[in-house]
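Only one structure is covered here, and it is reproduced in the block below.
Chain IDs A, B, C, D, E and F follow the sequence of writing; residue 1 opens each chain.
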Amino acid sequence: MARKDNVTLFREDGTRLDGRKPDEMRPIKMEVGVLDNADGSALVEFGRTKVLAAVYGPREPVQKYIVIPDKAVLRVRYHMAPFSTSERKSPAPSRREVELSKVIREALEPVVLTDQFPRTAIDIFIEVLQADGGTRTTGLTAASLALADAGIPMRALVGGVAVGKIQGRLVLDIDEVEDNYAEADMPVGAAPDIGLITLFQINGVMTREEVMKGLDMALEAINRIVEMEKEVLKSKYMKVEV
Amino acid sequence: MARKDNVTLFREDGTRLDGRKPDEMRPIKMEVGVLDNADGSALVEFGRTKVLAAVYGPREPVQKYIVIPDKAVLRVRYHMAPFSTSERKSPAPSRREVELSKVIREALEPVVLTDQFPRTAIDIFIEVLQADGGTRTTGLTAASLALADAGIPMRALVGGVAVGKIQGRLVLDIDEVEDNYAEADMPVGAAPDIGLITLFQINGVMTREEVMKGLDMALEAINRIVEMEKEVLKSKYMKVEV
Amino acid sequence: MARKDNVTLFREDGTRLDGRKPDEMRPIKMEVGVLDNADGSALVEFGRTKVLAAVYGPREPVQKYIVIPDKAVLRVRYHMAPFSTSERKSPAPSRREVELSKVIREALEPVVLTDQFPRTAIDIFIEVLQADGGTRTTGLTAASLALADAGIPMRALVGGVAVGKIQGRLVLDIDEVEDNYAEADMPVGAAPDIGLITLFQINGVMTREEVMKGLDMALEAINRIVEMEKEVLKSKYMKVEV
Amino acid sequence: MSMTPFRVPVVPTLKKETFISLYRKGMRIDDRDLFTPRKIEIETGVIEKAEGSALVKLGNTKVLAGVKIEVGTPFKDTPNQGVLTVHAEFVPLASPVFEPGPPDENAIELARVIDRSLREVGAVDLESLVIREGEKVWIVWVDLYVIDHDGNLFDASMLAAMAALRTAKLPDYEEYETGEIEVLKDKSQGPLKINHTVVTVTTAKVGDYIIVDPTLDEETIADSRMVVAVDEQGRIVGLQKTGEAGYTREEIQKVFNISQGAAKVYFKSLEEALARKG
Amino acid sequence: MSMTPFRVPVVPTLKKETFISLYRKGMRIDDRDLFTPRKIEIETGVIEKAEGSALVKLGNTKVLAGVKIEVGTPFKDTPNQGVLTVHAEFVPLASPVFEPGPPDENAIELARVIDRSLREVGAVDLESLVIREGEKVWIVWVDLYVIDHDGNLFDASMLAAMAALRTAKLPDYEEYETGEIEVLKDKSQGPLKINHTVVTVTTAKVGDYIIVDPTLDEETIADSRMVVAVDEQGRIVGLQKTGEAGYTREEIQKVFNISQGAAKVYFKSLEEALARKG
Amino acid sequence: MSMTPFRVPVVPTLKKETFISLYRKGMRIDDRDLFTPRKIEIETGVIEKAEGSALVKLGNTKVLAGVKIEVGTPFKDTPNQGVLTVHAEFVPLASPVFEPGPPDENAIELARVIDRSLREVGAVDLESLVIREGEKVWIVWVDLYVIDHDGNLFDASMLAAMAALRTAKLPDYEEYETGEIEVLKDKSQGPLKINHTVVTVTTAKVGDYIIVDPTLDEETIADSRMVVAVDEQGRIVGLQKTGEAGYTREEIQKVFNISQGAAKVYFKSLEEALARKG
């Protein structure tokens, strides 16, 4: 939360410092099956933000007492590599990482068919390799792909993106510099195919109208993100079939 | 343990800075049943010192391996709220809190009829809300009330008070300012109805005669404290019966 | 890792600062059965380095889940007393202690007949009482004696010593001052009776020829160390038989 | 690592149906309608040694907030601001399921949501907390102490935090020639400067219903919850979806509608309590 | 959280009766009378690299104490005093029931009782430990290392602490123009200044009997223990009841009577050992 | 406390015999001979925000190394040197048996062996990292992140560390009148000065055979391993025996012979990757 002083984050033509239009996302890359040991994995990049996710399970958890009789336990760890941030991050889990692990888990709970695997654990490990804004939504997107890659049955794929409010204007997919000077940051995660918003936070000050407008920007973008996820998964499995 | 220099803690008429006589306690308040979730609870104040205690149990402990085949396990946590002290206290348990949890548990062991509840745990949580001297003895008093309020069978009620030695004189129920300048602080806990001293510590320098004289001051005061406990418990249950 | 500047660690006659010849060990003391509670124990001194080792077991481990169906689990803790070092050492286990616990355990695994005691634990506690160089090899030697003293069946006794490279010369059993200025430090542990090197590390820069020459110096010395171990064990049990 | 919580007992399905059938009639088990918070009691100044304090009872939920103000160093990137830190503890006397130990993910989430909602809108005037720029500032600690848990810890905690902050006094200090600062605990420079007042409104989604201020029983059978923080101007200053289900766009609209009304109730209770205090 | 300890084995009832029937005759299993401590051996200077050290054997109980003296900053409220810190570790080689890990409540209690008993009477002259008032003082670390546990760790630890302190040397130092202090580990300014000598006497209450210096077997069947710290002038400088039973007023009188005699035995052993040393 | 690891599954005896029978013919299950490492891929600059970074694939083992360079204070005994710190994490996405939590003994051992092998030979020129002697120096953090574990984490980690260090840039900085240093993250003073290049060669001992670069399957059935660190001049700059078996003197000779050849392969791959980079 740095000084919000007289910095301008828009060029004269209304585009952002990196040339994007307000409702334009950064270049997105998605790759699945990037790891050998994990049952499923994905690497997702939104601009310079890079997040790796891996899924193990359904499997018997090491601590047996955590199982739930009628469904699988989802376990999610959102973790940042020490070299992912501008200043080296201590590897011990921060309070922020604890919160985001919960927020991401709760964004996945509505889509994973955990009742098909009672008394097991499905472990989702999210490693932020480079943090340049939007790590939680990029992480959620990577987790969705990794779950699908692991063959875990899901109601729908999820994707995420953050909307920011900068100098009174709403912009899609804010990066770290924008976030530092933003009046508000609103990460959204959703499963468009079942019409559910599964991750929703606002950090900052917005009117209700701004929130709804921003939410619509995010949902429209998530539609596109989830379409990309489907493409990537399809092309992987098409390749496999060849 | 501050400087013990030329400060005077007595007025010319021999009374203490707050007007009390040497053998006078601070105003005491006791209330039971102050919490809804706990099986028993009490709030006890000695002057500005405020301590809340809650009892859960007898119940099956979460960690099953801690049970004892022929009696209940007493578990006691003495803990200070971060805002209870002059300088904010870190919420992590200090070595002092670890010691006092043990001292208070051992002051309760002789009175709780633990052999009536084998293989269970009786949990006693003591939260110091405001610390102004005598927190351990106030906590012991609150724990005694909370146990009774929870309906745990006891041999006798216990109460506690600290005696201090200030400028060579013995004074009852020292507060924090007095404690800072005292030559000795002697917390005592007892169950008068069965004639047992169950908590006894001396921090400071005293002659044996001073110790015995101070002990008698404390025991006399504890008699009155335990009478108050009985009144409070009676009036609560009388109310209930009405 | 101090400055390796113009200090000389040899006298004009080629002997070392404490008068030892390059291939001379410090005075060694060994004593077994020094503790009453432990099943086996030993105190070993190499010069001013003093290390105490105790063995408990084979016994049922507190955490039952760690057992191995077909052999005993070896558990080793190498730990330094806070007063053992020049600057007081914090009692929390350091990364160095974690590594050395592993290195010493792996130096004992080849000689302890763990398959005779399935589903049990053999606990080896090594306490460095005074650290003056060579604590891990002294600790290994003490552990070997303590295991024998506890009557744990072993393929062979082990012993250890460190070779250093100082100003281009190889010297046996370096002490702390020498270590601070050494180009390399090479701790070696071995079981001469079965011809196995069971601990081997190099910290520093050496040619392959130096390594092999130093290794031979170490092995020759370990022969003598293990002979001493046998003497000490024999004389203890001879005493017992008398 | 965040883990799907195990809800004890597994039977709430039946209870859920009972609750929903009441909601259908616009009723709740405790005789409230769906959009009204429980009875609110706010008492300030309960911890005299703290710079500010409040005990909030929201139905049977009880949260104590204490504000301590100490001298410290500013963050490197905000040399001209004091520091606000919110910390929450779910002490084991508050509930049979709370365990002693460091804050779990629920306590951390609560503290962070309260913290952000206060910080983002600038509720506490941090600029007024500088003693010597870049070197010495006031650190404002808000400690939330849940002592009885009957649901909706967010709203009770925010009310307690806000009441404690609004009644907090900034200590006076003396500056020595050496540059050292001695805090004069018994003297005050006057009240802590507050720029905005914030409340959170928590709604739970149970089946097709959105209800305000859920009890613990209701939280147990709820699908999900939404915490909306608003300031005295009606602006949204923070939001957190918490819980295992998702929301449709329409449900979110509905949440905002419902939250507006409840916010007014909270503001009214808060201002009345503060006015009573003087 | 403090928990009722589980005493293994559960059978000590029988053992307790045997012990008590001996006590009735004024005897103990190890041929002592009720009021005499076990054989005491005190060896100082056992850790040459420490500023002071001692190994104490009290029967089969063995405790090693090491004193390290380092440069540090004083506490804010005592700028003109050095710092004394006592720490105890019950390392797992000392007993089959000690586990590796941070000190448990027993080790913490022991360290704190020893610490207070030394501190309250001013056993170490802290005023003599100031290098630069408010900035640099000597920190005296007393580390108690229990290496064989056969009961009565308090008395053995205090004897070890005191013997180590009484023989400790204060290091010399050099002060640079920059104000930095370099400790000269190999040079000494002379002995650490000790104002008072303290011993603790631990008695156990077993049924109606009060016995001095209990062994581990006796501690296992004891109802409770009382630790009384006294100085060379016979003043009480600390006290701790530890254990699960209570005491009558008369028993406390009896404890004081018995402790007096045992204290003399401890002082004698300590002074003899120190005199031998030179 | 270090504990004998439990090897799952217990059946590897059979697998071990199969592997050995292949070794006897000079073959391995993955079609390598005994002395050749797996395919090596080295990509540098993968984390643009780090001062240096590399992703190394050694067969299916993948390790990411990131170098961060920050301003800090030097160690007291080396006021004229910067600081090199190596840290390793075995994050749970890399293997079904890795658990979240602080580094275990294997991760600590790996980091310390890499650290020592770099430090002892002076691989990073620490003298060039002084900003103000005794006060401000550059701290070079090398963080090793194992992301896929298929054996031989040492060699992959050292290659990644070295590739990241060799391509790392030293940030520029501005010094204010107050003496404070501001790091200019976007400007560089040029490359980090590297004096020596180091690789490790890990061999496993399986029965009578010594094999280079073991896979995870091979590590599971191996008796022990030897990690030999060598620099570009062929000097041994570190060594660690790791694993539960011992070595004869002859086997150690053999290890050195075999390691020499593999080191060349590693150096070649590393230099080619760095040359490609420019």
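To be clear about the criterion, contacts are C-beta pairs under 8 Å (C-beta built on N, C-alpha and C of every residue); 3 or more make two chains touch, one makes a residue touch a chain.
Just so it is clear, the model here is predicted, and its values are computed rather than measured.
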| item | value |
| --- | --- |
| Neighbouring chains common to subunit A and subunit F, by label | none |
| Chain whose average C-alpha position is farthest from subunit E's own | A |
| Taking each chain's C-alpha mean as its centre, the one farthest from subunit F | B |
| Centre-to-centre distance between subunit E and subunit B (centres being mean Cα positions), rounded to whole Å | 27 |
| Separation of subunit D from subunit F, taking each centre as the mean of its C-alpha atoms, in whole Å | 48 |
| Per-residue multi-chain contacts in subunit D, two or more chains | 1, 100 |
| Overlap residues in subunit A, where contacts from two or more other chains coincide | 77 |
| Touch-based graph of the chains, sorted into line, ring, star, complete or other | ring |
| Complete ring sequence of chains beginning with subunit C, oriented so that subunit F follows | C, F, A, D, B, E |
| Residue numbers on subunit C that touch subunit E, as the complex places them | 35-38, 41, 48, 50, 52-54, 56, 59, 62, 77, 79, 81-88, 91-92, 123, 125, 127, 129-132 |
| Subunit F - residues contacting subunit A, complex | 46-50, 53, 60, 62, 64, 66-68, 70, 87, 89, 91-96, 99-100, 102-103, 141, 143, 145, 147-150, 185 |
| Subunit D to subunit A touching residues, read off their complex | 1-4, 6, 10, 77-78, 105-106, 108-109, 111-112, 116, 119-121, 224, 226, 231, 235-249, 252-253, 256 |
| Of subunit C, residues touching subunit F in the complex | 1-3, 66, 68-77, 95-96, 98-99, 101-107, 109-110, 114, 184, 186, 190-191, 194-208, 211-212, 215-216, 219 |
